[in-house]
Each structure stands twice: as C-alpha cells, then as structure tokens.
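Take a look at the structures below.
In what comes next, subunit A is part of two complexes: it sits with subunit B in the first one and with subunit C in the second one.
Coming up: the complex of A and B.
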C-alpha cells in the first residue's frame, strides 16, 4: 500500500475509533480531499468532526488549540509544511505553553500534519523541510513519517499521550509503498526495532549484523529511504556495510538506538533534508560526541542541505538539497 | 486546583441586593489592584503587571452572565476578569508573588492564569482563535455552554482576530467576543492605531454587534445580559464593544498619557457612578469589608512559601 493511502486509512481509523478526534485544514473537503489527497473521504464519513477551513493558518492552529483545551484531539492538516511559519505563534506561545505555564491544570494535545520536503521543483516556499525551527521547542514532540513506520502508530501515540505533536510527512513518501519490517527484514535488509520506554521505536536496517557494520547512518523521512538505497548499493556492490537507524520520533531525540549502534560502529553520519546549521544532526552530533568522547574512530559527520533558498529549477535543486549522491559521497568519506 | 469558595466580604453576602453586590465586586477588584501596585512599589513583586483600574464595571457585568460551564479566555489585563469570575484573591496574589500556592504555582504570573473555566495568555490576538476552538468543542458536546473572550482595542491590530471572525460566523460558533476599548493601546491613542469603524470591522463578517460607551455597571449589565443570552440560545457568535477608560498605567511604568485627560476620567469611574446608588452606611460597610478581607489575604499570601 502506498504511504498516502495508509495515512488516509489511519485517519479514518482514528476518527472512527476515538470520537475526540477532529480534523481540520484547508481544502480537505470531498471530493478534493486535501492538496495531497490524504484527507479524502473524511468529510463524507465524519461531517461533524472534519471541516475544511478558509486560508487562515493562525486560526486553524488556534482553533485546534481551543478544541484540545476543550477535551478533543484535533489533527490539523497544514497544506504545505512551509505554511507552519503562520502557525508558529500558536505553537510557541500558546499550544506548547498551556500545560506547563498553568502548572499542569490543562493539556493541549494538538497534532499538526505537515507535508514537507522538496525534489519536486516546487521552489523556495513549497519545498522546504522547516522542522528544524520546531525541534527543541519545549513540550513539543516531533514525529517523522517513514516508509518503515506504520502511520497509524503515530496517531495511536498522539492519542495515548497528552502533549502536542508535529508530524512531519515528506511529500515524496506519499506515492511510495510502505515497507514495514516483517519477520525481522525489510527487503534484503535485516531489520530490528529499538527504543527507549514509551518512545515510538527506531527501525535499524543493515545487510549484515551490526558488528560487521563500519558506520551508523541516522536519517528520517524520505532521506532515510534515500540513505537505505545508497547503503544497499554500497553493501551489495562493494561490501561497504553500514547500519541505518530510522527514528519515528525526531524530537526529543531518542538517543538509545543511535548509541547502541555507534557503540559498535564508532562512526556516525546524520542525514537530513533541512538546511545546514542549528539542525537535528548538529544536536545529535553534540550528544554523541560527548557520550563517546575518545572512542569514536572519526568525528560525527552532519549532512544537511545547503543553507540557501530551494531553487525552482530541478538541476539547481538537485545540487542544493541532500540527494543520494551527497549521501554516497559522505558515506565514502566516513569510511575512508 | 480545588475551587475555594470566595470570601463573602469580597464576592457578596447572601442577603445583599444586586446593587450592593455589583458595588462590592467592583470595589474588590479596584482595591485588589491598588494594593497590588503598592506591593510592586514595596519591591516584593518581580516582573510586570497590567491593571484594569477604571474598567471594573466591564468585568463584573460580563461575569454576572457567565455560568459555571462557560469558558472565559482573558488577556494580559486579566485580574479583573479572573476575580469577577472566581473571587479567588489569595490564588492570584500568591501567583503574582511567585508562591507555590498561586493558581499556577507561580509559573504563570500576572498574565497567565488558569482555573476551571478560565484561562488567560499574554500574547495579543492568539487567544481569539483558541476561544473559537473552545466554542467549537462546546458545540460538538451539545448543551448551552458558551466561550467568552476578552480583547482590547489594541488587539484589533492582530490578523488572527479577523481570521477567527470569519470562521466563527461561517461555522456558527457560540463565541462571545467582549471588546474593551479603553482608548489607549499601551502608550498609543486609538486614533494613531486605528483606521475605519470599529463596529463595521465585525459587521463586515456578518457578526451582530452591541456597543455601549459607559462606565455604569448597570447599563453595561443590561447590554451584556442580552448578548450572553443571544450566544447561549442561538449558538452563534456575538460581539460586545464596551467603550471604557483605563485609569492606571498600561503596566507598572508611566505610559505618558495626558494628565488632565486621565484626571477628568476619574470623575466618571465605575465606583463613582454606581456608588451613590447605595446608602452611605452600606457603602462604608462594604468598603471596610473589602479592606479587611484583602489585608488578611495579603498577610496570608506573604506568609506562604
């Protein structure tokens, strides 16, 4: 099943199983069903609890906050993740504040679904991966879609806990098939899941046992899939073996699965599509280098996109955004 | 937090009539804030605070028509709204003093207050869509609860307000917007901030508007009683514009408004307008009640860890 279909089914299931769930967002009414068709069928099946909104992201975010304060579990679809800039005030000064600043008297469990990412030629304001501006926001959890994690688990996690969540969905995953671990494998990869208690598991993929891997690569979303393709190729063709760690939760970082892998490989490469600097990988590098001070074979490498606007021209975008060729080059450097 | 039953000396004795109760509650808010400002001068409070001296009639009149199941969202200038809703003088003093017994254990401070059915936040505008979301939750739940949000004339500069007006009307949400226009946005007069017509800004979205320019708590109460009832029974939004005046500074420090303008407004402040409706002896009794009760509360709050 392709990812967007699985996501759509998970939304139907969440609405059907939990009558606290409310879905709102721009252009989500049938027959259109949202810019990426992820919400298709929801307004027909649940007309009371699913509403298409005007082009008003501040209101979408604020109304979702109010619903959550009122006991509901709103899931807000942000048409393009880039538009989260317009929700920032609600996230920073309202939604993530209410529980702590009111000394635990209330909770504000809102989920924002945000399609992020480029590689489609959509240009500077419809291609970004801006999650780094939300990573580290106190009291916000950031989850990331991946081909190796069932989208239902993200909703179940959101519904089981009481904190606000940003769910980052790379747009290029939508038409791709979900490849969940089955019987300890994903295709030719051995697969295992690891996590700290209460955190959605990270999926660890490798062609050979961890002990035989020379590098840990940590990546999420579409970049995880790109990294997997590079790791598979290098392993099959050149016997250069890496372990890929793909977290479902990217903030706060669950370090345990990364540390377990790095303890064996002694090398780490982080990969993200967002722009370089002040980023997810930098945070992980800081922690890992402290934890493994004196034990790493090489400094942690952080791969991110160039810190500039995303060009509309595909040929320029391919150079600017992290692609398979960048990942391959970095892996070779790390293993050299 | 467990609801503490309010002190009748502050919130109303069972046997007193409506006029006495309205006066008592306004006097309570007035003296609470005047004493609060003295505590700042004394140097025992940190940060800042936004008092509502001169606007007490709005809070008392509106809250007279807010029911226990309703939700009130207030703003940076929230003391009067909170006290008129809950009567909780100790919780608020303790909060602003940073004590663990504060309504938010000292974390929220003056602008960020929470109690059952009440919240405030210090960011302009963003509370309006949030109140609309609460209204949607109330509508989904059925019943006749309503969501009340207090904004000021300064808040009308924020875009989130207009996004919400559109949606509240479009979706028929039981949202009651109470706009206290005190004429000054911090140090900037309305005329320097505001183009067009205040009422028409709401009417452009199809929202019904009531408007009154008064500091008379009874005149305001007549207006807001009908407005609260409208929202409650029709489950649609309504806007009430209360033209008023803030007699104190925006926050702790002077906001450089013309002294004679402020002075003239003291002649029509809510206690001066409503007080004469009570016999002098009753008014003196209430004043003494409030004074004694607040002094006890402050002494208690000071003694807390």
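Coming up: the complex of A and C.
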C-alpha cells in the first residue's frame, strides 16, 4: 500500500477509535481531500469532526490549541511544511508552554501534520525541510514518517500521551509503497526494531549482521530510503557494509539504538535533508562523540543540504539537496 | 497492437498505483472506454483506450506502474492477444528458471571470489546474504589435505622453494630455477581451487595459501618466492602473511642477469632474464623485475614492486614500495617515484612522481594497412 493511502487509513482509524480526534486543515474536504489526498474521504465519513479551515495557518494553530485545551485531540494538516513558520509563535509561546505555565492543570495535545521536502522542483518556499527550527523546542515531540514505520503508530503515540506533536511527512514518501519490517526483513535487508521505553522504535537495517558493518548511518524520512538504496548498492557490489538506523521520533532523540549500533561500528554518519548547521545531525554528533570519546575510528560525519535557498531548477536543486550521490560519497569517505 | 498509456502531464509523480481495472483482462474494449483508475500522489486518473479491440493487462491491480510506459495493450483479435501473452509468459518462465538457478543472494565480490576459489554458491547457507567471508570459510572447511598432492623431494644441497601463485608468473620462476644449480621449486600454492592437483612445468599445486604454514612446519620447503607478477597488492599481502608465519622469502635470480658488486639485495626478489642491477644499488624485498630491466648504479628500489619488460633507469633513481611499471619505460637520473605509483607503458619520466599517483602516457601508436 502506498504511504498516503496508509496515512489516510490511519486517520480514518484514529477518528473512528477516538471521539476526541478532530481533523482540520486547508482544502481537506471531499472531493478534493487535501493537496496530497491524505484527507480523502474524511469529511464524508466524519462530517462533524473534520473541518476545512480558512487559508490561515495562524487560525489553524489557534483553533487547534483551543480545541486541545477543551479536551479534544486536534490533528491539523499544514498544506506545505514551509508554512509551519506561521504556526511557530503559537507552538513556541503557547501550545508547548501551557502545561508547565499552568502547573500541570491543563494540557494542550495538538498534532501538526506537515508535508516537507524537495527533489520535486517546487522552488524555494514549497520544498524545504524546516523541522530543524522545531527540534529542541521544549515539550514538543517531533515524529518523522518513514517507509519502515506504520503511520498509525504515530497517531497512537499522540493519542496515548498528552504532549503536542509535529509529524513531518516527506512528500516524496506519499506515492511510495510502505515497506514495513516483516519476519525480521525489509527486502534484502535484515531488520530489527530497537527503542528506549515509551519511545516509538527505530528500525535498524543491514545486509549482514551488525558486527560485520563498518559504519552506522542514521537518517529519517525520505533520506532514510535514499540511504537504504545506497547502502544496498555498496553492500551488494563492493561489500562496504553499513547499518542504517531509522528513527520514528527525531526529537527528543532516542540515542539508545544509535549508540548500540555505533558501539559495534565505531563510525557514524548522519543524513538529513534540512540545511547544514544547527541541525539534527549536529546534535547527534555532539552527543555520540561525547559518549564514545576516544573510542570512535573516525569523527562523526554530518551530511545536510547546502545552507542556501532551494533553487527552482531541478538540476541545481539536485546539487543543493542531499541526494543519493552525496550519501554515497560520504559513506565512501567514512569507510576509507 | 496499441499501447495504453496513462494520460497525464503530472510532473509530481513518476509512478502510480492501479486502483482498479474497469475492464477485465482479455475483454473487448471500444475506443474511449475507461479501462483503469491509476492513483498518483496528486489524483486518481482515469485511463481510456484510444482504439478498439481486445485488452491485455500488463500489471495487476495494486501494482505500482510507470506513468511513462504502457500499462496495457490493445489487440485487433483475441488470437493476436493470446499469441502475445504466450510470448510474455515464455519470457517470464525463462526469467524464473534463471532466478531459481541463481536464487542465491550473494555480493558481487562473493561471486567473483567463489569463481576464483571454485566454490559452488548453492552449497552455502542461502538463507542469508553470502559475502566473501562465507565463501572463504566454506573453502577452509572443505579442504581434506589427504587428497592434495605432496611437495616434490629435492637433493640435500638444493634450496627447496615454495611458489605462491600457479599462473604464468610461476612458469617464469621455475624457468629461472632450471637455469641454476642451487634452487628447486618443490610445490605451488594457489587460492584458485580449480588449479589444485594440477602441475606447472612438473611442479604440483598442493592447495591454497592456507597450506603455507603447515607445510613449512612439516619441513617440506625452505623458502618462498611469490610468483605473482600482475598485482602488487597481492605481492604485499602474501609477503606480510609469510612474515607473520615466520616463513622466509628467497630470491630467484636468472643466470643471465647481472647484479653488480656492492649491491644490497633484499629477499624474495624475482629477476628475470638479462636484468641489470648497477653497482651500489639497493633493492628491497619481494620485487618482480621482468626481463631486460636495467636499474643503474645507485638506484634505490622499495619492496613489492612489479615491472614489465625493458624498463630502464638512469643513475640515482628511487622507486617506492608497491610501484607498478608497465613495459618500455625510461627514467631520467635522480627521478623519485613515491609509493604505489603506477606508470603507463612507453613513458619517459623526466621528473619525480608523488606517492599514489598514476603516470599516463600518450604512446605513439601505429596503423596497420594492407600491403600495396
């Protein structure tokens, strides 16, 4: 099943199983069903609890916050993740603070779903991966869609806890098949899940057992799928073996699965599509280098996109955003 | 036969998923009929046919299909359709047979190594990805030393030599020993299992390189010559293995070659016919020097070097470890080559080359025409 369909089913299920769930966003009503068709059928099945909003992200964030304070579980679709900047103030100064500011007397469990990412030629303001600006916001949990994680788990995690959540969905995953681990495998990869208690699991993929891998690669979302294709190619053709760790939760970082892998490989490469500097990978590198001081074979490598504006021209975009060729080059460097 | 292509200019999707076939496989269609719904990241697209005839599905429901190529074909008659289906099926069957035969998942390197070692991959554990490690482990397990030939015996006064590598390099080294009265090749080891039990110029290939240690301990030979001329990496690797095992290397110097006085000569060097080493030169270990090479006085050669025929140096030239020289190379006085330098045939080197660099040459080539 393709990812957008699985996501749509997960939304149907969340609405069906939990009466507190309210879905809102721009243009999500049938027959249009949202810019990426993720919300298709929801207004028909749950007309009372699925609402199209005016074209105002501020309004979406405010209404969602109010609903959450009132006991609902709003899931808000932001049409393009780039527009999350318009929700930033309410997330930073209100939604994530209420619980502490009111000494635990209230909670504000809002989930924002946001399609992110480029490689599509959508230009500077519809292609970004701006989640790094939300990482490290206290009391915000950031989850990332991946081909190896069932989207339903993200909603179940949101509904089971009382914190606000940002769910980052790379838009290139929508038309791709969901490839969940089955019988300990994903295609030619051996797959296992690892996690700390209470955190959505990370999926660890490798062609050979961990002890035969010389590098750990940690990546999420679409970049995880790109990294998997590179790792498979380098393994099958050249016996350069890496283990790929794909977290479902990117903030706060669950270090345990990464550390378990790095303890064996002694090398780490982080991959993200957001721009370089002050980023997810930098945070992980800092922690891993501290934990493994003196034990790493190489310094941790952080791969991120060039810190500039995403060009509209596809060829220029390919150079700027982290693609398979960049990942391959970094893996080769790390293993050289 | 007409192709049915998804009618879309969608730049957002390269593939779609067949949500539903509206018209069954093999059924009659009329031009304009909607035959399928395809879902892309943006929309569900209805796919019409533009000709009438009989419809052949090229993909199943729920399958991911390219938006650029045909998802179905329309034929004028049911017979034409069935004939085409039969060819498709035949191709599929053939592919299935191929896949069953090669149903083993192995890395490219493992496949190459299995060929070198003569290992049948289907005899290994096929439930996991096979790597070089598994292939080599399988070889180690399968060896029964009793079935392998024993090294030759040699008179007391002879140095008994084991050769590593049973290819053409071995023939050169054995030929060198035939021309002298003090050394005899008694055995060859080679990791290519298909060579085991065969002979090179009457010298038996007694097994793989894992036999070097046990044969030495058993007193079957006195020293080793690495008879691999093509790969400096392999030369270095086997030299290190011998050192780790405490097995000494010995030189194989052709009777026609001239090593001047005051030369410092290491061990494990192969000097083919008519090689000249000038006075006061220093030669490292484990170099394979082909015929008609001349290294002039006061040259310094490293170790694990391999050269082609007719390489000529002037005085005071230095050649670093693991350099690989082609055929017919001239090197000017005082030129220094760093480690792992590779030099193309026909080069004339006027200046030094830093380590890990390759010298390319534009050799004047000839043209062959019929006699007039």
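Please note the rule applied: the second predicted complex is superposed on the first by the 336 of 336 C-alpha atoms of A that agree within 3 Å, B and C clash if a C-alpha of one lies under 4 Å from a C-alpha of the other, contacts with A are read in each partner's own complex, and residues count from 1 in each chain.
We adopt the following convention: contacts are C-beta pairs under 8 Å (C-beta built on N, C-alpha and C of every residue); 3 or more make two chains touch, one makes a residue touch a chain.
None of these values were measured; they are calculated from a predicted model.
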{"item": "Which partner reaches more residues of subunit A (counting touched residues only), subunit B or subunit C", "value": "B"}
{"item": "Subunit A residues contacted in one complex by subunit B, in the other by subunit C", "value": "none"}
{"item": "Touching residues on subunit B, where the partner in the complex is subunit A", "value": "1, 71, 103-105, 107-108, 112, 114-115, 119, 121, 123, 125-138, 140-141, 147, 159-160, 163-164, 166-167, 170-171"}
{"item": "Parts of subunit A lying in touch with subunit B, wherever the complex brings them together", "value": "22, 48-49, 51, 53-54, 56, 58-72, 74, 89-90, 93-94, 97-98, 100-103, 105-106"}
{"item": "Residues of subunit A touching subunit C in the complex", "value": "1-2, 4-5, 36-37, 120-121, 171, 174-175, 177, 188, 190, 207-208, 212, 235-239, 241"}
{"item": "Subunit C to subunit A touching residues, read off their complex", "value": "11-13, 15-17, 39-43, 62, 64, 105, 107-110, 128-129, 131-133"}
